[in-house]
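Naming follows writing order (A, B and C), and every chain is counted from residue 1.
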Amino acid sequence: MKTFSEILTEIRKIDNGLHGKDFLLTWEKSEGELKQLLLIAEAMRVLRENNISTKCFDSGLAISNFRDNSTRTRFSFASASNMLGLEVQDLDETKSQIAHGETVRETANMISFMSDFIGIRDDMYLGAGNAYMREVGEALDDGFKNGVLAQRPGIVNLQCDIDHPTQTMADLLHLVNHFGGLDKLAGKKIAMTWAYSPSYGKPLSVPQGIIGLMTRFGMQVDLAYPEGYELIPDVVKRAGIQAESSGGSFRVSHSMEDAFKDADIVYPKSWASYQVMQQRTDLLRNRDTDGLKSLEKQCLTQNADFKNWECTEDKMKLTKQGNALYMHCLPADITDVSCKEGEVSADVFEKYRILTYKEAGYKPYIIAAMMFANRFGDPAKILEMLRNKATPRVIG
Amino acid sequence: MKTFSEILTEIRKIDNGLHGKDFLLTWEKSEGELKQLLLIAEAMRVLRENNISTKCFDSGLAISNFRDNSTRTRFSFASASNMLGLEVQDLDETKSQIAHGETVRETANMISFMSDFIGIRDDMYLGAGNAYMREVGEALDDGFKNGVLAQRPGIVNLQCDIDHPTQTMADLLHLVNHFGGLDKLAGKKIAMTWAYSPSYGKPLSVPQGIIGLMTRFGMQVDLAYPEGYELIPDVVKRAGIQAESSGGSFRVSHSMEDAFKDADIVYPKSWASYQVMQQRTDLLRNRDTDGLKSLEKQCLTQNADFKNWECTEDKMKLTKQGNALYMHCLPADITDVSCKEGEVSADVFEKYRILTYKEAGYKPYIIAAMMFANRFGDPAKILEMLRNKATPRVIG
Amino acid sequence: MKTFSEILTEIRKIDNGLHGKDFLLTWEKSEGELKQLLLIAEAMRVLRENNISTKCFDSGLAISNFRDNSTRTRFSFASASNMLGLEVQDLDETKSQIAHGETVRETANMISFMSDFIGIRDDMYLGAGNAYMREVGEALDDGFKNGVLAQRPGIVNLQCDIDHPTQTMADLLHLVNHFGGLDKLAGKKIAMTWAYSPSYGKPLSVPQGIIGLMTRFGMQVDLAYPEGYELIPDVVKRAGIQAESSGGSFRVSHSMEDAFKDADIVYPKSWASYQVMQQRTDLLRNRDTDGLKSLEKQCLTQNADFKNWECTEDKMKLTKQGNALYMHCLPADITDVSCKEGEVSADVFEKYRILTYKEAGYKPYIIAAMMFANRFGDPAKILEMLRNKATPRVIG
């Protein structure tokens, strides 16, 4: 593990291009900027685990806007905000007047007078979630430029229809710490594969986010899914281009076994195809309950053809030395634990359970780092101030 | 803009009669007290915009009790509380045991052991909202007097059936800053008019609050609405008396054009008549769903007769130099934006959009000032302490 | 009232066996440990009432997990957390992904990365509430041991199927202050009796908690209820054993009058028998709506046979000098106030109303003390630090 001073030295080498910018898609950020985030996250972890306060706001709000259910990300966002000294205020659209036809432009400003950050989850509607975040961002730009807002709140994408950057960056930090450095990832093979689930409509953001991020660092990224479970074509295309330019590889197949072969890392996880998500989006918009039920039935039938896409001990044996790192964004559909037949067998999951929990544990630090880099032009300076001030998080 | 020191000097000239008092209706406060609030709000804004912490509580709770939906006021209350260092705790009556027949007297004490303020919105039931706040206040007096509570939480009216003081005081501060001083408002004409909306049952608190406040400062207040859209008679009567004693005027008409003529300020906004609100209150209490539907239908039909009560470019031309300040408490029903036909045309709204956002932006400071004046007998002293201490809100 | 220094001296005499331990049942704690809690609660009250900050956390979360409605305990938990400097984050299971078959083990870790405490209310399912808390505790042990969590959050039982320790410890502190000391309670007679209520399914945790706690201190504990309203046999048995070993007594009867006779304290409160709670648990689990309705009807009919189990002026005359202390966890079913016929007559309740409010007012301090003792091995040292630092809670 690097020392705090070593981390600061590395941070100082990188221009903070994240300053004042929203975090909406990892592929809009440079490799240096992504590395910067990992370093800041680690620095904050060192401070907190040494009982040193990471508060840099004396007061201020962080708004959360969850348009879909969440446990992990909700608590991660709350944790990150609290670490920095911000109080979370949830925009619960069911308790607001937003249904009255109020514009996004207006709501965005109304909630932001004293807000430093807005975290948004909007993953239900294909073509809409990321677009909504950008619409909020433009409204905030407009409000800030015109003197409505004394500060421009930063936006953190807490999962959209395209990407799930707080998840995938936490995944990346997990890999960095597991394999001993970002530079150790080049050449490593990661299998991002579909897996069977007895439920349907799981978002595309994780597989898309993983192939969109891991192809940046020279990894060999294998995407595998049964035919009919396609991701958004643009994202897949981008992954290919990125792999080429980073010196890695990107390959799509329709065999879980093939993807697992010699993999250093496997990430088996269910999703619905983007075509299904598009149909679902249309049905949701039209509040077509019968259509939704019929789509669900059809998809579950389709899913059932691929129950063998389960991450089992046998499949794990195909991986490098039978010992690949299993990853999951959680909660996983675990056979005989959380469902009858699922994404992963109980024995495989149990073997890696603690590691998946640790993987999840990076998310609060990643979100805090996103906020930190957005707010402070010279993050190393502020981190050093916090270290030198050394206010105890818990007295005694 | 006044300097911080100039603001303090003005604050020092006014006896703080708001100390220890609930804020339930603007007309229960003297003009000096209202001016005091505007000054404190401005002082806090100067501090915050100069990155100086406005925290005066190290810990403590601010309770919010929203008996109707809210976005703006909810976030304003959260912002104000956070600015002062208080954590918001929402009393969600659906998640509590209040339905079990628990008395208001008891609940008020049970939530207040560690509370410094209680903000209440209760605008649905005519004759009940403001009364509920007073009932809570008496319960807190009783609890404090009898040693149940170590402090008497202050109550802030976040909108009731009669008044909406945090809105109208924010409106007033907007006018003060727009026209260059409270003393500049005397003689200015403000048209508070009904406007068409495709929805019904909008509260009376804003028009009542506006005529109840603006008549205090020598303004020429014109109230206009179609016959059948009356406000609570007592409030109207009071407005007349106040106008007379402040050297202004108060006039009721049934013509939007007439009210707009030579106006310096227009505030076109829909509402339901107090008679309708009374019927609605009775129906809500009896849970008479059919009756409510029938009332809604009847009111919407009535509304439809007055679609010409829209604030358009043509009507704006009637105002002083065609250039009156347009105000709204938001969200407005904007024709072709948030509805097909509404309170205001899209072009008029767009011209004043940023100004209405700024108007809304004063609300967090007004609420903070209400809390501040309630808590501190010598507000100038505390503001000076904050300025001298100069704890940065954001480090760096 | 003891001085702060005297309280510290007493705290110093007791080994803090509560350090690092969850608080799930009072009878798992020694008398010394319970006394320790009362002392810490009092010390914190002295600090706060002298405007001295009790914050010992600069940042951190306290998670609340309410599986049943709550007002008092919710606000008490929020108050306690805020007093210590922790921000409450509510785990609202309806807004999370927990329904997806996620394991308790996993959720417990996912919400705890930055959490210092978890407060849980789970009182609906007999045999399940306390067990759930222990399951969470084991998951946290596992996560902490394996490096998933940087700290092991402490668990506070905010009411379960067996005990309601934050309530009964607040009740005990009320008695200590009312009678002038813990040592003054020996020999005092307390009547914990059933009382009539027009609703059914009230938890057993209060009567069980009271007989499980008050038998520890040499009190004469009388439990009285109509036949058919039995408590969990194990708890009753334990009360008997404890009474014997503390030099008190424990007696079960089926006469309210008998229990009230010469009582120093009466605690009349409705509950459903453990057999009914068991049936209800089974029906809830099977989502048997018809079965639940039928059980409710049957129980209300049974209740109606015992309307004379009401705490009236006449019954109060039976108590010691007609002047026993009336206690209730609130809200009480008050005849002619919150219901037509209830647990207590309006005149008796009114006479003791303020005292019951004070009783409730100890709960925030008790919860804060539970957290404090869990976190700090040497509570007197930290309390002294807070006193010496003397940061004002409110400036000025």
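To be clear about the criterion, a residue touches a chain if its C-beta (ideal position, glycine included) is under 8 Å from a C-beta of that chain, and two chains touch if they have at least 3 such contacts.
Just so it is clear, the structure is predicted and the values come from calculations on it, not from any experiment.
Asks: Rounded to a multiple of 5, how large is the rotation, in degrees, that superposes the C-alpha trace of subunit B on subunit C?
Replies: 120
Asks: When subunit A touches subunit C, do the two copies use mostly the same residue numbers, with over half shared, or different ones?
Replies: different
Asks: Subunit A to subunit C: how many Å between their CA centres?
Replies: Roughly 40 Å, centre to centre.
Asks: Residue numbers in subunit A touching 2 or more other chains?
Replies: Within subunit A, residues 87 contact more than one other chain.
Asks: So in the complex, which bits of subunit C are touching subunit B?
Replies: 48-49, 53-55, 66, 69-72, 74-76, 78-79, 82-83, 85, 87-88, 199, 330-331, 333, 337-339, 354, 357-358, 360-361, 363-364, 391-396
Asks: Which residues of subunit B touch subunit C in their complex?
Replies: 56-61, 63, 87, 89, 91, 95-98, 100-103, 106-107, 109-111, 113-114, 116, 143, 146-150, 375-376, 378, 381-382, 385-386
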